Amino acid sequence: MSTFLSQQLIDGLAALTLLISFALLAQHRMLSVLHWFAAQGVLLAVTAALVAYSSGEHELYISAIMTFLLKGLLLPWMLWRVIRSLHVHREVEPLMNNGMTMMIAVVVTLFSFHVIQPIAVTSELMTRNSMAIATACVLLSMLMMITRKKAITQVIGFLAVENSLFFAAIGATNGMPLVVEIGIAFDVLVAALIFGLFFFQIRHTFDSMEVDAMNASLIHKDDEE
Amino acid sequence: MSSIFFQFLQALLMLLLAPLAAGFISTVKARLQNRHGAGVLQPWRDIRKLFSKEVVLADHASWIFRFAPYVVFTATVIAASVVPALLPDTPLSLTADVIALVALLALARFFLSLAGMDIGTAFGGMGASREMTFSALAEPAMLMSVFVLSLGAHSTNLTTMIHHVLSTPLLIQPSIAFALVAMLMIAVAETGRIPVDNPTTHLELTMIHEAMLLEYSGRHLALMEWASMVKILLFATLIIDLFVPWGLSLDANAAGICLALTLWLLKLSILFVVLAVLETGLAKLRLFEVPQYLGTAFVLSFLGLMIHYMLEVQL
Amino acid sequence: MNFFIATLLTPLLGGVMLGFIRNPRLAAKLNILTSATTFSFSILLSLQVLGQESLETLDGWFYLDAYNVFLVALTAFVGMTTTIFSKPYMQHELDIGRLNEKRMRLYHSMYQLFQFGMLLGFTTNNIGVLWVSLELATLATVLLVSLYRTPASIAAAWKYFILCGMGIALALFGTILVFFTSFTVLGHGNEALTWSLLYAHAADLDPAVMGIAFCFLMVGYGTKVGLVPMHAWLPDAHGEGPTPVSAVLSGLLLNLALYALVRFKMLVDGSTHSDMAGHIMMGFGMISLLVAAMSLHKQRDIKRMFSFSSIEHMALMTFAFGIGTPLASFAALLHMTVHSLVKSGIFFTVGHAAQVMGTQRMAEIRGLIYHHPGMGWGLLIGTAAIAGFPPFGVFMSEFLLFTATLESYPWLTVPLLLGLLIAMGGLFRFVQPMVYGETASHAKPVHVNMVPVYVHFALALLLGLAIPDLLAHWYHQAAALIAGGGV
Amino acid sequence: MNYTLSLCFALVACGSVLLAAMLTPCWQQKSNIQRAVLSLLLGMAGLFACAAGLTGLASGGGSMVLPLGLPWLPMHLRLDALGSFFMLVIGSLVLPVAVYSQGYLRHEKRLTPLAVFLPLFVLGMMGVVLSDDAFAFMLFWELMSVSSYFLVTHEHQHPENRKAGFIYLLMAHMAGLLIMGSFAVLYTASGSFEFSAMRDAELSPLWASAAFLLAGFGFGIKAGVVPMHGWLPDAHPVAPSNVSALMSGIMLKVAVFGFIRVTWGLMGSGDFQWWWGALVLAAGSSSAVTGVLMALQQHDLKRLLAYHSIENIGIILIGLGLGMLLAQAGHPMLAALGLIAALYHTINHALFKGLLFMGAGAVLHSTGSRNMEAMGGLIHRMPWTAALFLIACISISALPPFNGFVSEWLTFQTALMAPQLNGTLLTVIVPFSAAMLALAGALAATCFVKVFGVVFLGHARSDIAENAKEVDGWMKLGMAIPALLCLLLGVLPALFIPVLDQVPQALLHTSLFTDTASQNWLWLTPVDAEHASYSAPIALLGMLILGGLAFWWLHPKGAILRRSKMWSCGNPHTHARMQYNATGFSQPLRRIFAGMYQPDEHGHAERHQHKLLTTRVKYVVHVGDMVVKHLYQPVGQVTLWIAKAIRREHQRDIHAYLAYTFATVLLLLALFT
């Protein structure tokens, strides 16, 4: 298949990823958030495979598989376990209302395109657009971390950021060197494990998954005159 | 050699004339009040009598109390002997310039006040407190009025200043006039006369100088009194030297000295008559009006200074 | 033999081994042993480098130059002294039941892993691996911060984790951006992430991309450095974790983050040929300095307070590196060294003091100088040293920084001096009543080991009086390297 | 690098204090040995410092380089004329204080901190005087500040002492930073930290003014110049008295030294601008008057003395300011006169203020109180202390024949050079400042009549005063030395001033004493004999002869002298409480200067049954320091306010912080791409 076509495909996938980021931001029900997250993982794996195929860098297949297993299956499954055992599939109430969030999201996306524009002009890379999209995804996922109260949604936001980064690595640079990939993947895994460990700790000590509840325990020490 | 002799003559004159001066003032005052008065020699009699009397000392009077009279007396007399009465330049006149002279008097005052506080009576402390306070306010004013002259003469040595005044042609200098008035006011305050303080008063809560002498007796009292008399004469002579020095004999020959002596006595008597008239005419100020009085003197002398720069100095 | 490997493997293996040792006393001893070994290897390593300007091994995976060699030695040294301090300290925590054997195991093993992460970060030549190692160190410390499992410690760890996680993610994005432009130059392989090669080809990198990359890296690694406004995690993490962890956090981890930041600054400068990176760093430094200095005046918790002082000093270094002249860089490097020594020393003292009083609330810590003179004087002298009083090294570095500022940006000296003054006031406002005053009744007898503290202060003193030629030489080289010129 | 005798002396002095600081901790347990070692080494240091100073002034100093400090900047030490003089100042007080300490510290519980930090403190001061590059200067300067902080907080069980220490350290640090600033300005001009390079550097007027202002405020804070003096009256009294003596006696002088070193030495009188001198003159006058006026209202003995330090620093500054004005007007010789007046007052103040603090220490030592209202009649129980204290009182009151008068006289003489200045404004301002000087001097006399009268004369006002004991020989000896020096410097200034004259020769390249003046040891005649002259020896001699005569003539052989109850206007049964006390003594001034003091007074009469039957009357007055109230406290409050606002920011929840990071990224991207 011609690089041009693959480029087209990659751009399409990039668009999808952006869409999913928006979806994650918009979602209210915990489980659907999880679904979209899993979908994003799978999408990444596909992108990786595609890039591997088109650029002929076979080590990318490995990372594609890794991604699929880790981000498509393992992490969502873990999170699902957590949600179920902690009974937190209630509605997730965001800090600010949805419309507002969407507005900001759109602005942020435009902004990131504006930021990447100079590169697009100067650099002779074919994958520059996907870099712009990756930037947007990163910022959107951060926005998600900010606007959600529940600890779990924050984590999903965090992992979404990782996903967007991975997408940047794949889509924009045809994948980082394997060692680094593995290292990053390993870190993400460990992070996820620690998260899981934390959830139970938090639940156990605060019997709530609200972040504010935790915050209170920190504030008091500064408060009295 | 002769200059040294005249120096001692001059100092001696100061010392001996002082009681007479005091007597003179009180007699004039008495006459002004239609009294007969005790006579010019009365202070001399008092002093002689006090010398021969025994000293009664409070139980726990410390050595300060006995030491003070001698310091007060000697400091005042040394200061007096520096002021030229007959000759402008005598060997001792270089010993202390005006500033040093003021300082010597301050030393006397310092010990006087300490003596006042030594016995621990309420009056002594009161006197010391007031004396020091008011003199502290008087001192800058006095120096200011002296500066008016010494800045003109480029000197603080009395001799030089006198020569300067003598050499300058006699013309009306407003700055000098201001300085003179200020100096007179200060002199009244420093010597503890009406309207600032009343030397003849006792057992009044208004007294300043006398309050510190209450515990003194015998020779100590005599020295203290004598010192204060010398001080009056000193200030009078100082004013004469600074403002109307004409008549001092520039070289030490008998004729000149005699002329100078007569002129000096004349000037003194005029000054003292004025003082006596003022004392009879004026009432004593309330205690806390004294600062205003001294402040006025300070402002006057400062004005004199400014006028000196603005009108009289040819830059 | 290759000392790189030795230096790195010792803590790694040590960490794994300590994970299986149940007896805490034995574990503590082994902990010390491991760190001591690491330290001796690091010394040998630096001696090896001493000859040549820089050293690359394992086909360029590891790289030592004047800039990081003494940081490796410093890290290993502080790591060692901290283990010595932590032996009695953690034992006491165990005795009063704040910890159990299981957690002690976690503590020791994680401590060594943290060491591994640190050393890897300092020695690696690959900016990707640098990121990985920093993340590793972070994860290890997250577990250490939450060691006590108290609500506050959990919350602190969570905050630490989320904020730094986000930060570190941004850093990774920055790294990817660098790769994005570099693989066009250096081919699609590890070379494109190898710092020494990047540095060599810095001029060929796309300035625009590097600019954007630095923005992300600044925020990302800046979070780890503890720069305002990304610093919120730092006081809590310091305040709630065990004191040895606070000590290494302040003394070492922040250094690593700043080290990484400066490495990237060197690349960016080489690529953009502008002061953009420097100005960004100066801005962050100045703001952080003032905010931290001000916050020092309203504190309740002793460890939080000193963590704010850490922010202040990291800010000073960031500012200095931002100025970028050789003199400023020299000052920053010196400051980095002395701050690590003094601040960790202070944390040792503070830890003991908190144990003696049974609280970290400064209002309840009183009259140290009466019942534990050594401790009291330690805290007092340490504070004086960190506040920048001579003859300690902090004074010397601040003096140099001040001069450098005046040479380049005269008007910035005003806020700089103001910040230093305010900070000093804040520190003494609280330290004085703790050290002095009426003796406190509730003081408990605690087995205290003040030797590491005094060693640290003695070194700081030495650096304040006269910098050894060897070290000065390194500083000069490093400063030249960073600034591209000689002092 | 040339070693000379003087430099070696100086090094020995520094060495022995360093040794003291290192050795004394060895005898933690045996406080006697510790004390002995301390006093011995300190005394040695003082002795050698004096030697260094004298030889340095006589036969020139030397310089050397130590392998310390920055890698590319070894530590430069140099002993020049100015340094030698201040070495002399330091030595002449450290020696007696060392002797004094041997007795004073006998009952000290926690001797070790003192025994470590006192020598370090002295070392710091000597180092400042010796150092010849900015880094060494700052190093020793801050060493001086920090060690003196530890000495101030030595008796830290009292909260107010801790507060004083804190403020002191803060101000000292601020001073240090400002001074560093001025050095940095000079550094940018010269490109080197070495003073030798800074001397040659050419400064633009703007930068010169910046350096001058930085140095002025920096050293001014440390010297306690109004209005930066707020820390001083709190800090000096709370230190142990021997330390207070050193702090007031020398440390403030080291600040003066620094000021002279930077302005006269490094910038050079060529760079002076007319308003510099005017500023210094104004600061001096205000310090002199404010200091003494505040002192008058104190009844804590040591606090009172501390305020007098402010006054005397003011007098020194008046001399310096006049010198700067005259130098700028192009009269180096008259400038030299001003400089010499200032230096002379420097050493005088070191001596009598040291003596005063030692005396206060002796009183404190034997009564256990600093409160003057509790004293009285101590002259009977502590005759020696009283006599020596009196000498100091006379000296500080600027009365002949003691030393205080000489320096004030010289300052007056300088002030009378006003006509030499160009510009009518200055020529009027200058005599006015002279009047202020006169006022300060006279008020000082008032204040010390109060001090001596209330503390030593009259009846004992309490049991502690009743049962006071005379202090031991060491302390007497320690006080006797400066007392003797006060007299010598007062009587034989004409011998000492030619030695001083080295300093203006080094700084202004001109000598004060041309042929006209250098007549003989009898006469002190700056400029020339026509202009002004003062002969302390003759005056003293005259007074002795006259007093002797009077005594010999009046004092009868069988001394008729009867002791009896005091008369007290016929009411001999007065209670000790009826005496004038400190508060009463200063009441007139409190009323005259009420506008400046703003005292808060509370009178209150307890009446019994009937409204005419007053049983007891209570009167409380407090005079606070306006500067502290209107300058220091507001600054502190603002700081706390901001700190609070920031702390509120630190209590938000995690989303806020994430938002911060997010915003920061966007901001950076927006700004820099």
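Here are a few things to note about the model shown:
The first chain written gets the first letter, and so on, giving A, B, C and D; residue counts start at 1 in each chain.
In this text, contacts are C-beta pairs under 8 Å (C-beta built on N, C-alpha and C of every residue); 3 or more make two chains touch, one makes a residue touch a chain.
Just so it is clear, the model here is predicted, and its values are computed rather than measured.
Centrality by Cα centroid goes to chain D. Chain centres here are means of the Cα atoms, and by that rule the chain farthest away from subunit A is B.
Subunit B and subunit C have CA centres that are 78 Å apart.
Measuring from the averaged C-alpha position of subunit C to that of subunit D gives a distance of 44 Å.
Each chain gets one centre point, the mean of its Cα atoms, and the points for subunit A and subunit C are 30 Å apart. Rounded to a whole number, the gap between the C-alpha centres of subunit A and subunit D is 69 angstrom. Those residues of subunit B in touch with two or more other chains do not exist in this structure. For subunit A, residues touching at least two other chains, in rising order: 115, 118, 142, 145, 154, 211, 214-215, 222. Counting only residues that touch two or more partner chains, subunit C has 158-159, 162, 166, 170, 208, 212, 298. Interface note: chains touch in the pairs A-C, A-D, B-D, C-D.
Per the touch definition, subunit D reaches subunit A in the complex via residues 647, 650-655, 658-659, 661-662, 665-666, 669-670, 673. Within the complex, the subunit D residues that touch subunit C are 67-72, 135, 138-139, 142-143, 145-146, 153, 156-157, 159, 162, 165-166, 169-170, 173-174, 177-178, 180-181, 184-185, 187-188, 639-640, 642-644, 646-647, 650, 652, 654, 657-658, 660-661, 664-665, 668-669, 672-673. Against subunit C, the residues of subunit A that register as touching in their complex are 57, 115-116, 118-119, 122-125, 131, 134-135, 138, 142, 145, 151, 154, 158, 161-162, 165, 168-169, 172-174, 176-177, 179-180, 183-184, 186-187, 190-191, 194-195, 198, 201-202, 205-206, 211, 214-215, 217-218, 221-222, 224. Interface residues of subunit B facing subunit D in the complex, by the touch rule stated above, are 51, 54-64, 70-71, 73-75, 77-78, 81, 92, 94-97, 99-100, 103-104, 106-107, 109-110, 113-114, 116-126, 128-130, 132-133, 135-141, 143-144, 147, 150-151, 154-157, 160, 203, 214-215, 218-219, 223, 287-288, 291, 298, 302, 305-306, 309-310, 313, 315. Of all residues in subunit D, those touching subunit B in their complex are 376-377, 379-380, 386, 390, 394, 397-400, 405, 409, 412-413, 416, 418-419, 424, 427-428, 431-432, 434-436, 438-439, 441-443, 445-446, 449-450, 452-454, 456-459, 523, 529-535, 538-539, 542-543, 546-547, 550-551, 554-555, 560-569, 574, 576, 578-580, 584-589, 591-592.
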